[in-house]
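Here chain A shows up in two complexes: once beside chain B, once beside chain C.
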Partner chain A sequence: MQNDLASSAIDYGKKPFWVQARPYLIMAPALLITVGILYPFVTAIYYSLTNYSFRTTTFRFVGLKNWIQMFSEPEFWHAILVTGKYAVASTGTEMLLGLGIALLLSRESKFTRILRVLLIFPLMIAPVIATIIWQLMINNSVGILEKFLNLFGVYDFPWASSAKTALLTATMIDVWVYAPFVVLLILAGLQSLPKSPFDAARIDGGSAWFTFRTLTLPMLKPFIYIALIFRLMASLQEFAIIFALTKGGPGNTLMNLSITGYTTGFAYLKFGESLPYVLVLWLIIFLISRKLVSRWLLVQQTATGN
Partner chain B sequence: MSHKFGMLFFIGAALLLYSCGSGNKQSHNRSGGDKSLRQAQEVAGTGGFRWDMASGSAIKVLLNQHPYSEAIIKKIPDFEKVTGIRVEYAITPEENYFDKVTTSLNSRTGDPDIFMTGAYQIWEYAGADFIQNLDPFIQDSNLLSPDYDIEDIYPGVLGTLRWDLVPGHMTGRGPLWALPLGFELYSLAYNKKVFEKFGLTPPKTMEELIRVCEKLREFDGKGTYPIALRGSRNWGTIHPGFMSTFANYGARDFAVEDNRLVSKVNSPESVKMTEDWVRLIKTGGAPAWSGYTWYQAGADLGAGKAAMLFDADINGYFQTGKGASKEAENIAWTVMPLPEGQDEINSNLWTWAIAMNKASRNKLAAWLFLQYFTGAEYSLWSALEMNAVDPARKSVWNNPEFQAKMADREGYYETFQATIDGTRILFTPQPHFFETTTEWAATLQSIVAGKYTSVQEALDILKRKMDEAVEDVVIE
Partner chain C sequence: MMNMKIRQLSLSALRNALLSLYALFALFPIFWMILITFKSDAEMYTTTFQFHPTLYNYKEVLLRTDYFKAFLDNIIVSSGAVLVSILVGVPAAYALARYKFKGKEDLAFTILSFRFAPEILVILPLFMIYQALGIYDTYFGLIWVYQLITMPLLIWVVRGYFEDINVEIEQAAQLDGYPWYTVFLKILLPLIKPGLVAAGLLAFIFAWNSFTFPLLLSGFRIETVTVASLKYIASDTVHYGQMAVAATVAALPEVILALLIQRHLVRGLSFGAVKG
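Take a look at the complex of A and B:
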C-alpha cells in the first residue's frame, strides 16, 4: 500500500521533458549551422591526406605526402607571392582611392548625390562580366584605353598579355569593381560621425588637414578597418577576375593560391594535391583577419571612448 | 604553447608514418556495375532495330559551344519525333566545358547521359570508368540501325576514339569509347586579297612564313597583324598548328623507356621548333596572343584583322559562306608550312565526338541519340546545311553537292586531300594529358614573355615537370 502511494505521488523535483530539452533545442540551430560549416572544412582536411582524384575510381590515404610535396614545390612559394602581391596592390589602392573619393562625396550637393548612385553600378556587375568588359576596353584594336594611350604616343600596350603588366591589369579591374564598396562603407562612416567636434574645431580655427588628422581619421578608423578586413580577405581569395583574364598566365605570372588549387584539382584532376593550397589560403586569411578583427575592436573602443 | 606544438608534431608524425606503412592497403571503390547496359539490351529485345524502342524516355545532353552543337540543336525536334525520346540539352563555352563535364561525370549520377568529347579526354575518362564502351551496342544487330554503316566512317578518325587504356599505347586499338561528329586537321588559311595586294604567295616553309609575317605587319593599319595563333594557358594552344609543326621538325612528346614514359620536349628538334615558333609569334602574332583561344583566332581572320590563321582547317571554314564574316569571300587555304628540307606533312587530328556516360540510366535512349547524330543522313545534312565540317563519313565527301560546296572555298579540298594521309593523333596517349599540355602552354607563354635565358633552359624545366606528372604511369 505504501509502495502504491509512493509510486502514485507527484514528483515535484522532476522537470517536464520540454523543460529538460530546452537548452538542447535552443542550441540545436547553432549546432546544425556549426556542423554545416565545419563538415566541408573537415572533409577538405581529410581528402588533403588522400590521393583522391577524378581520374581513378579508388583513392587511398597518403598521410602528409600532398602537404610535403606542396611545400617543396617552387610553384607554391610563387603562388604565395602572387597572392600577397595581388592582395596588397588591390586592397591598398582600393583603400586609398576609397577614402579619397568618400571624403569628396561626403559634401552634400546634387552632383555628389548622383555620383553616389552611379558608384554602385560596378558592384552590381559580376567580376567575370566586369573582366570581359575590361577585356574589350583594353583590346589593342578597338579598346578605348588603347585609344587613350595612343594620344600619348603609346601603341599596343601589352596589358594582360605581358608578364610585366598582367598584375597591373588585373589590379585595375579589381579596383574598378570593388573600390565603390570601400567608398560606400567609408561614406556611411563619415555620415555617422558626430557634428559637434567638427564645429568646435572650426570655431577654434583648426585647418582642414588638422581636422582630418586629429578628428576624422581616428573616428573613421573602425569603418576603415571593416572595409580593410572585407577587401583583404576577398582579394587574398581572388579567383574570378584572374581566371577570366588570363587563367593565371602569361606563363605562371598570375598563378595565385586559388588558381593553382583550382587548376590542380579541376584541370589536372588531382584533388588530394589541390586541397593543401586551399587550406593554406584559408589559414593565411584566418590569421590575418583574426589580427585585423582584434585591432578593429581596439580602434572601435578608442573611437567611441569606451 | 610548447605542449600544443608537441601534440601537433606527434599527430603529424603519426600520419606520416601511417602513410608510409599503408601502401595500397585500403581502397574505396566508387565504381558500380553495368546493369543499365543489360537493361537496354533487354528492352531492345530480339525483334530487330526500331527507332522508337525507347519511346517515352528522356535524356540529358551536354554540348560544347561549337557549330557542331548548333546543328545538333536544330535537329533535336526531328530526333524527338522519330524516337519519342525527350531531349534536354545544356551548352557551355569551350574554355570551361571540360571542367563541367569532368565534374558531372565524377558525380556518377548519370547526368548528362550524352556529352561531347575529344579523343584526348578519353585518355582520362575511360581510365576513370566514366565512359561507356560502345562495342556491345555496335555489335548487337538489335541495337544498331541497318543504315548506320560504321565502315563509312574514316577508319583513321574512328580509330582515334579506340584506346586500350594502356598509357603509351597509341590510339586505334581497344574498345570504342565515342562516335565522331566531325574532325579537323591543321593547315594555313590566308586572306588572298591581302596576299594579292602585297604580291605574296602562300609560304611553303617556316622561314618563308616568318618572312611573310615581316612584310604583313600592320598590313591594313593599326590593329591588324600577320598571323592568328592560339596562345591561352591551356592544352588548346599546343594541339593545333604547334603540335603539327612539332612533329614536322621530328620532335616527339614522350618515349617509352623501361616501361615508363619519359618526356622528350627538350630534344634538339623540339628546341629548334620552339625557337622558330616563338620567332613566329613575336614577328607575326597578335599583341594579345597569350589570351587567344580558338574563337579569337578564327574571328580575327574573318574580321580582316589577321592576314593568316595557322589552326584547324575548319576554324577558317566557319568564317566563310554568305555573311559569315567580313572577309568570308577572301579566305583561301594551303598546306601548313614545313621546316626546310621536309616534304612529308604530319598533321595532328582533333575530333569532336559524342560519348555516353557510363552511369547513364537511359542507355538505350542515349545510344539512339548517338546513332542518330553520327549517322550518314544527319552527317550529310549537317555538312550541307549547317557547315558542320570536316565530316567523318566518306559518303559525305563523295557527295556531289558537298563537293560543289567545297569548290567555293579556294584550296580547302586540295589542302584536305594533301594533308589527310599524314593526319593522326601526334600526342602519346596518357592520363595526365591536360596537366602536361597546360604546363607546356604556360612554358611557351613564359618563353615569349622573356622569362628564360634560352629555350633550352625552359624546355629542360618543362621536361622535369612532365616527367613528374607521369611518374605514376607504369606501362605493362
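Take a look at the complex of A and C:
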C-alpha cells in the first residue's frame, strides 16, 4: 500500500525560485509528451459538434445535432447495454473465479507453487492473440472443444457465430486472459495478512466460513477493490477481443460503445458522429472510477486501521 | 478421529481437483496452439494428437510473408516507447516521490488517468492530427502514442521504489556536498535498478500487446504482430497451422519476459498499489 508521503519527502519550502521550480522542471518532459497526446481529447469535444467526415475536406459547426441524433438512436442504447453486459459478465466472473482460485492457491504445496507461475502465461498474451488461440479451440472443424462436446452429444455448437452464444464466447476469452490478474492480486493480499488474528480465531474454534467472512474478506477488501477497479475500467472499453472475434457481430450482438465508435468513425467515415459515443464511454469510465477509487481509499483505511 | 482424517483427505483432493480443472482451462489452449503449429494442413482435420510433425508452417509464416518484419517492427516500437518512458519518466517518478509541491497528487493522478482513457477516444482525433503532421504510420508516431501505455505504468511503479528508499541515505550524501543529480545518478538509480528493470520489461510487454493504436494509427509501412496476426483469421481459406504459428511467435517473447520479472509482477500490474 502507498506510504505516508509527507514524512519521507524532503522539504524544499523556503528556497530560491529555481529550487522550488525544480520538481515541475523535472516533470515537465513527461507531462509535455503525454499532454501532447491528450490534446486530442479537447479537440474531440469540439469535433463532436461538427459534421466532420473523412470523405469530404470541408466541415461546419452543427451544434448538438450529433448528440441529439445519438440519443434518439436505438443503436446507442443497445451499445450501452452491451457495454454493461460485457463488463459485468467478464469482471464478475473474473472476480469470483479469481477469489476462489487465489484461496485454493494460498496453501503451500509443490502443485500450487508451480501453478502460481504457470498461470501468468495467459495474462501476458495479447488479447488479440488470445482470441486467435481460442479460435483454434472453438473452430468447428479443427477445434478440440467441438470433439469434446461431441462426447456429450452436442454437435456444431455455434460459439461466436450465434447471437445467443457470442457474449458467452467473448466473456470466456476475457476470463481466460484476465482471471489470473485477479488471482495474482488477491494472492498477494492473502500472503500479506497478519497471522495472529487467524490463530486466535482457530483457538476460539471459529468455523472456516466464519473466519473467512469476518476476518479474511474484510482484510482482503483493498486488494479486491484494486483488482475490481482495473478490470472494470478495462472491460468497459474492451475493443481487441470483440474486434478480433466478430468485429461486433453477429449482427450488432457485441457492438459495445468502443466498437460502435470505431465502426461509425472508421468504417462509415462519419467522424463527427462517432465522437459522442466514445465521449459518453469516457464519462461512464471516469465517474465509475472516481467512485471506486474513493471507496478503495476508504476500505484501505478501515483494513489497515490507520 | 478416522472420520476427520478422511474428511481432510477428501477436502484436499477436492481442492486439487478444482485447481487442476482451472489449470486445464488456463494452459490447454496454449498447448493446443503449439501442437497445431507442427501439423500439416492435410492432417489438421483428420487427426487429434497423433500426426507427423512438420516445420512447414513456421517456414511459411516466417520466410514467405512479412510476419518477421512485423516482429522486428514490434520490437523497435515497443522498446523505443519504453526507452522514452524511462528517460523522462524516472526523473518524474523521483520528483513525485521526494519533493513536496503544490498539485503533486493531482499531477500523479492525471498521469494515471491516461491509462484509463478509452483508447478509441484518443485515436479518433489523433488519426486526423497524425495525418496532418505527417507522422501517421511512422515509428515516431507509434512510439509517441505508446507513451499512454508505458509512461503511467513506469512513473507510478518507479515512484513506489523511490519511496521505499530511506530518505536518510540521500540526506547523508547531500550533507557530504554531492549535488542532487550526482545523488540521483550514483546513489538512487543503482538502488532502484531491479525494480526499474522489472517495470521496464512489464511496460515492454504492455506495449508489445497493444492492438488498437497500431491497428488505427499505422498498418501500411509499419505493422505490429498483433495486427499482422489478424490477417490469418480473415480469409476464407484459413491455414490454421500458420495462424497458430503467428500466435505462438507473438506470445512467446512476453511469456519468457514475464518469467524473468515474476517477483515484481504484482507490484507492476497494480501500478504500485499492491506491493506483492
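As a working rule, the second predicted complex is superposed on the first by the 268 of 306 C-alpha atoms of A that agree within 3 Å, B and C clash if a C-alpha of one lies under 4 Å from a C-alpha of the other, contacts with A are read in each partner's own complex, and residues count from 1 in each chain.
The rule is short, and it goes like this: a residue touches a chain if its C-beta (ideal position, glycine included) is under 8 Å from a C-beta of that chain, and two chains touch if they have at least 3 such contacts.
Quick caveat, the model's predicted, so the values are computed rather than measured.
A.B. asks: Considering only touches as defined above, state whether A:139 meets chain B (first), chain C (second), both or neither.
C.D. replies: Both partners.
A.B. asks: For A:248, is the partner it touches chain B (first), chain C (second), both, or none of the two (neither)?
C.D. replies: A:248 contacts chain B only, not chain C.
A.B. asks: After lining up the shared chain so the two structures overlap, which partner does A:159 touch, if you call chain B first and chain C second: first, second, both or neither?
C.D. replies: first
A.B. asks: May I ask you to decide whether A:71 touches chain B, chain C, both, or neither, giving the answer as first, second, both or neither?
C.D. replies: A:71: touches no partner chain.
A.B. asks: Between chain B and chain C, which makes contact with more of the residues in chain A?
C.D. replies: Answer, by number of touched residues of chain A: C.
A.B. asks: Between chain B (first) and chain C (second), which does A:49 come into contact with in this model arrangement: first, second, both, or neither?
C.D. replies: A:49 sits against chain B, while chain C stays out of touch.
A.B. asks: Could you say whether A:266 touches chain B, chain C, both of them, or neither, answering first, second, both or neither?
C.D. replies: A:266: touches chain B and chain C.
A.B. asks: Quick one: is A:63 in contact with chain B, with chain C, with both, or with neither? Answer first, second, both or neither.
C.D. replies: After superposition on chain A, A:63 lies in contact with chain B alone.
A.B. asks: List the residues of chain A that touch chain B in one complex and chain C in the other.
C.D. replies: 135, 139, 141-142, 266
A.B. asks: If you look only at chain A, which of its residues touch chain C in the complex?
C.D. replies: Of all residues in chain A, those touching chain C are 1-3, 5-6, 8-13, 20, 22-24, 26-27, 29-31, 33-34, 36-41, 43-44, 47, 97, 100-101, 104-105, 107, 111-112, 115, 117-129, 132-137, 139, 141-142, 144, 147, 176, 179-181, 184-185, 187-189, 191, 223, 226, 230, 233, 237, 239-240, 243-244, 257-258, 261-262, 265-266, 271, 274-275, 278-279, 281-282, 285-286, 289.
A.B. asks: Can you name the residues of chain B that touch chain A in the complex?
C.D. replies: Spelled out, the residues of chain B in touch with chain A are 12, 15-20, 22, 24-31, 99, 102-103, 105-106, 124, 127-129, 222-224, 232-234, 286-291, 305, 431-432, 434-435, 438, 442-443, 445-446, 448-451, 469.
A.B. asks: What residues on chain C touch chain A, complex-wise?
C.D. replies: Chain C residues touching chain A: 15-16, 18-19, 22-23, 25-27, 29-30, 32-33, 36, 44-45, 48, 84, 87-89, 91-92, 94-101, 104, 107, 111, 113-114, 116-122, 124-126, 128-129, 144-145, 147-148, 151-152, 155, 160, 163-164, 167, 170-171, 180, 205, 208-212, 215-216, 225-226, 229-230, 232-233, 240, 243-244, 246-247, 250-251, 254-255, 257-259, 262, 265-266, 269-270, 272-276.
A.B. asks: Show which residues of chain A lie in contact with chain B when the two form their complex.
C.D. replies: Per the touch definition, chain A meets chain B at residues 49, 54-65, 135, 139-142, 150, 155-156, 158-164, 245-253, 263, 266-270.
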